[in-house]
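In the two assemblies presented below, chain A is common to both, partnered first by chain B and then by chain C.
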Partner chain A sequence: DSHIQYERVGADVTMKCGSMDWDAAVTWTANGTDIDESHLNGSYLILKKVDLTQSGQYSCYEGSSWHLKYQTYLRVGTPPREPLLMCRSNNYPKGFYCSWHLPTPTYIPNSFNISVIHGTREMVCEKDVFPKNRCHIRYLQLFSTVKYKVTLTVTNALGKNSTTLTFDEFTIVKPDPPENVVAKPVPNNPRRLEVSWQNPSSWPDPESFPLKFFLRYRPLILDQWQHVELSDGTSHTITDAYAGKEYIIQVAAKDNDIGTWSDWSVAVHATPWTEEPKHLTTEAQVAETTSTSTSSFMPPPTTKICDKGAVVGSGAVAVCWTAGLVLAAYGVLFI
Partner chain B sequence: GDSWGLFTFLCAALCNLPALPALNCTEELGAGQSIQKTYDLTRYLEHQLRTLAGTYPDFNPPRLARAERAVPSATVDLDLWRGLTDNARLAANYRAYSGLLCYLRALDGQAGTAELRHRLGHFCSSLQGLVLSIASVMSSLGYPLPTSPAGPPAGPPGAPAAPNDFLKKMDDFWLLKELQTWLWRSAKDFNRLKKKVPPAVVTLRLEARGF
Partner chain C sequence: MAAADSPSTALGRCDLCNRGIRLAGKMRLDVTNLLDTYVERQGLDASASVAAVEGVPVAAVERWDEQTGTQRLLENLAAYRAFRVLLAQMLEEQREQLGEADTALSRALAAVLLQVSAFAYHLEELLRLENRGPPSEEGAEPPPLPQLSLFERKLRGLGVLRELAQWALRSARDLRQLAKASPGSDSAPSPPDSP
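And then the complex of A and B:
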């Protein structure tokens, strides 16, 4: 006759050998291994301050006949701590979802019960298939001033705990990040990058509920991001990229009027267009490369920028404001 | 007693102001542009309201269970909201802001400081601008203006609006919350209208009316 027994970590556990008398001669085993008599008090098995490693199958056999008299499965665990609950609407105005988890494991099975109340009305939260700790609610009304109250209760054999979230319809709106972010160089434009993306597919109605976007970009070698906020459109051209540098670019989305910004999209990398250098050993370039530290950086030959017809080698002397600007920019970068 | 009657009269007078017919200058703007302008006004008002009233995200006082205000709630069934005709959509906004304007003007007497009265006054002017803007969109599309109810509902004269000052303030909190929610709703309402009203159609209609 076997069953399951749940006990708290650190508790003292006394196991009785079924209906056997206290003074009966018995042998206990844990997962098939005999247990030393020092743990016995008569026919009772005493386990002091149990820990997780002591979970297992405990069996009690009558002394001489070796009949199995009692068997139990000991599961050592903890009662649940206060669960962490989060609710979010990434598909406004269709509905929202709530998801939860326990801050620390209990090591024993837990069951969850969620209730969603809107004013006087109890709403149904459709649960995802186990083991996903998530459920979905469909909005019946929009633009409500009445708060939603979500209570999650966790229960296991050793106790229960719960948490409640109260919020307004608008505060939990947070779209998923934009999808399919693509960044491309622009031919013949050494300082431009063309970025395009799509609305997150989970956002059901971008026509009536338009999204606005936040783009951030920086060259890999710098820590400082540059930001652009865009109130419409799903593309943008960066026009101030440092020539020849690889960039990292991300986009985030937000409903135009309510809620919070999405997480950043997956990062994309792109390098602006650079002209193929035809001569790699001009005097001007030798002078420049002595101050660079990154190997991926190849400055375009200064003669090309200033004057297409110039003779190779005269670039260092040529008076050309464009080269001066480029040098100044590089200088700033590498100080 | 007397003060209640005077209040009702004042409200009726004030509230009939937005019912003026749209001015001729709106014919110059296509409805598309007017809708954009109205949308921008709701954004501006929402920003102003946040500065004026502050945000108390967790504050959830009890609401007085009393007779329906003249201000319709922004709350609406999702499918119903989607299916609203342009006329119904605009009319709902018009009625809501007309009523809200009236109540806000009544709040003025309770504002504690001169600075607050000044800011509230400025807000009311902006809100009136919004009401007129909606009216002009409606008339440029050929929709009749709804007749707005004149101020607070007609309760028995002399009956107090709220049992005490504190509860009245809680009531006012919910009024401002409703206003904020309307401003969020309007942004979505006008987004829908923007996509559906092509300016070209409006010009034709105006020509047909001999303007």
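And then the complex of A and C:
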């Protein structure tokens, strides 16, 4: 007769060998290993102040026949602490989602129940398949002054706990970060960088619910950020970049009217345009060129027969087509 | 077939919508500031729950995205006309309570009342542009002031201002929807040509 037994960490556990008398001769095993008799009180198994390592399968066998008389799976764990719950709307005005987790593990299975109440109305929070600790609610009303009340209860075999969040429709609005942030140098402008981005794809209707943006940038060599707030558009030109310095740039988004700023976007790097070094024209440069030519081999033009690009075939049987034509022409003359 | 809007009408609507959006945005900021002042001066708790107040237009709406432009304008206009009366009553109560003292709260209330009146007028203009004259206000008597204790009046005022703040938010959204809609989309579908 096998079943599961849940016990708190630190508890004293007494296991009876099924219907066997106290004075019956029995052997207990834990995960197949015999348990020392010092843990027995008659036929009862006594485990003092159990810890997590003592979770496992406990079996009791009749002394002489080794018949299995009792079996249980001991799961040592803790009752749940107050869960952490957060709710957010990243797709306003469609709805919002709530997600939760426990601050510390319980080591035993937990079940979660969430209730969402708006005024007198109980709303359905549809659980996501993945991740499992999240559910989403569709807004049935917009522009309501009535608060939402979300209560999450977590229950396991050793106890239960709950937490409640109360909030207004507009306070939990927080878009996802902007996407596809691109930063490019501006040709012939050593102090400019052109930055562009897109609305987060999760924001359903940016035309009716426009976003505003916050851009921050700094050269890698400095810690201080520069900030620009932009009330419309999805691009901006930085005009005060330090010439030649690599920059790191990020963008955040917020609904124009309500809620809070998104997290920062993925950072992008860019360096403003710099002028290519010009060819030197001083005497020193001429002298340098001469010394360079004498130090590396350059076949004289008069001995050059074939252009390297005209050579085909392997190195061993390379045929120079130009020379070949000349030879062929001579050959024709002598036939 | 319904006549299509002329380009100048469409431009006029767009311009009015954009100005309305800016007006609503400014109004919302001022109402939010007024709310803070009101809570402080009236000694209220900012997080106090206020039950639905009778006679105060509720901004909450279901299926908001399915509303036509005309519906949006009519509902907005009805709301701001009601707020015009409610704010005037609040101002009157303030003055009765404090005498003729021109307090910061009274001044802020008066300023918002002016914006509400201006916005109502703006909505009437938009309705005229939609070829729908605004509904008449003639004969509409302001509701009698309920007999409330001082504390109840303060809570009522809180409810009025909170709802007004939501309306200002909704109005900006409504006008953006209006600006987004193509010209003539709010007209009733024309009957099919008879054989």
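What we mean here is this: the second predicted complex is superposed on the first by the 275 of 335 C-alpha atoms of A that agree within 3 Å, B and C clash if a C-alpha of one lies under 4 Å from a C-alpha of the other, contacts with A are read in each partner's own complex, and residues count from 1 in each chain.
Rule of thumb we're sticking to: a residue touches a chain if its C-beta (ideal position, glycine included) is under 8 Å from a C-beta of that chain, and two chains touch if they have at least 3 such contacts.
What you see is a predicted model, and the numbers here were worked out from it, not measured in a lab.
Undergrad: Will chain C clash with chain B on chain A after the two structures are superposed, or do they fit?
TA: Clash.
Undergrad: Which one hits more chain A residues, chain B or chain C?
TA: Comparing chain B with chain C, the partner touching more chain A residues is B.
Undergrad: For A:Tyr44, decide between first (touching chain B), second (touching chain C), both and neither.
TA: neither
Undergrad: So in the superposed three-chain picture, is A:Phe143 touching just chain B, just chain C, both, or none of them (first/second/both/neither)?
TA: both
Undergrad: Considering only the touch criterion stated at the top, classify A:Tyr107 as touching first (chain B), second (chain C), both, or neither.
TA: The answer is neither, since A:Tyr107 touches no partner chain.
Undergrad: Which of the two partners, first being chain B and second being chain C, lies in contact with A:Phe214: first, second, both, or neither?
TA: In the superposition, A:Phe214 touches no partner, neither chain B nor chain C.
Undergrad: Contacts for A:Trp261 in the overlay, against chain B (first) and chain C (second): which applies, first, second, both or neither?
TA: Neither partner.
Undergrad: I'd like to check the shared interface: which positions of chain A are touched by both chain B and chain C across the two complexes?
TA: Residues 93, 140-147, 170, 207-210, 257-258 of chain A touch both chain B and chain C.
Undergrad: Could you please specify the touching residues of chain C with respect to chain A in the complex?
TA: 25, 28, 49, 58-62, 64-65, 162-163, 166-167, 169-170, 172-173, 176-177, 180
Undergrad: Which stretch or stretches of chain A touch chain C in the complex?
TA: 93, 140-147, 170, 207-210, 257-258
Undergrad: Can you name the residues of chain A that touch chain B in the complex?
TA: Answer in residue numbers: 93, 139-147, 166, 168, 170-171, 207-210, 256-258.
Undergrad: In their shared complex, at which residues does chain B touch chain A?
TA: Residues of chain B touching chain A: 43, 46, 57-58, 60, 73-78, 81, 174, 177-178, 181-182, 184-185, 187-188, 191-192, 195.
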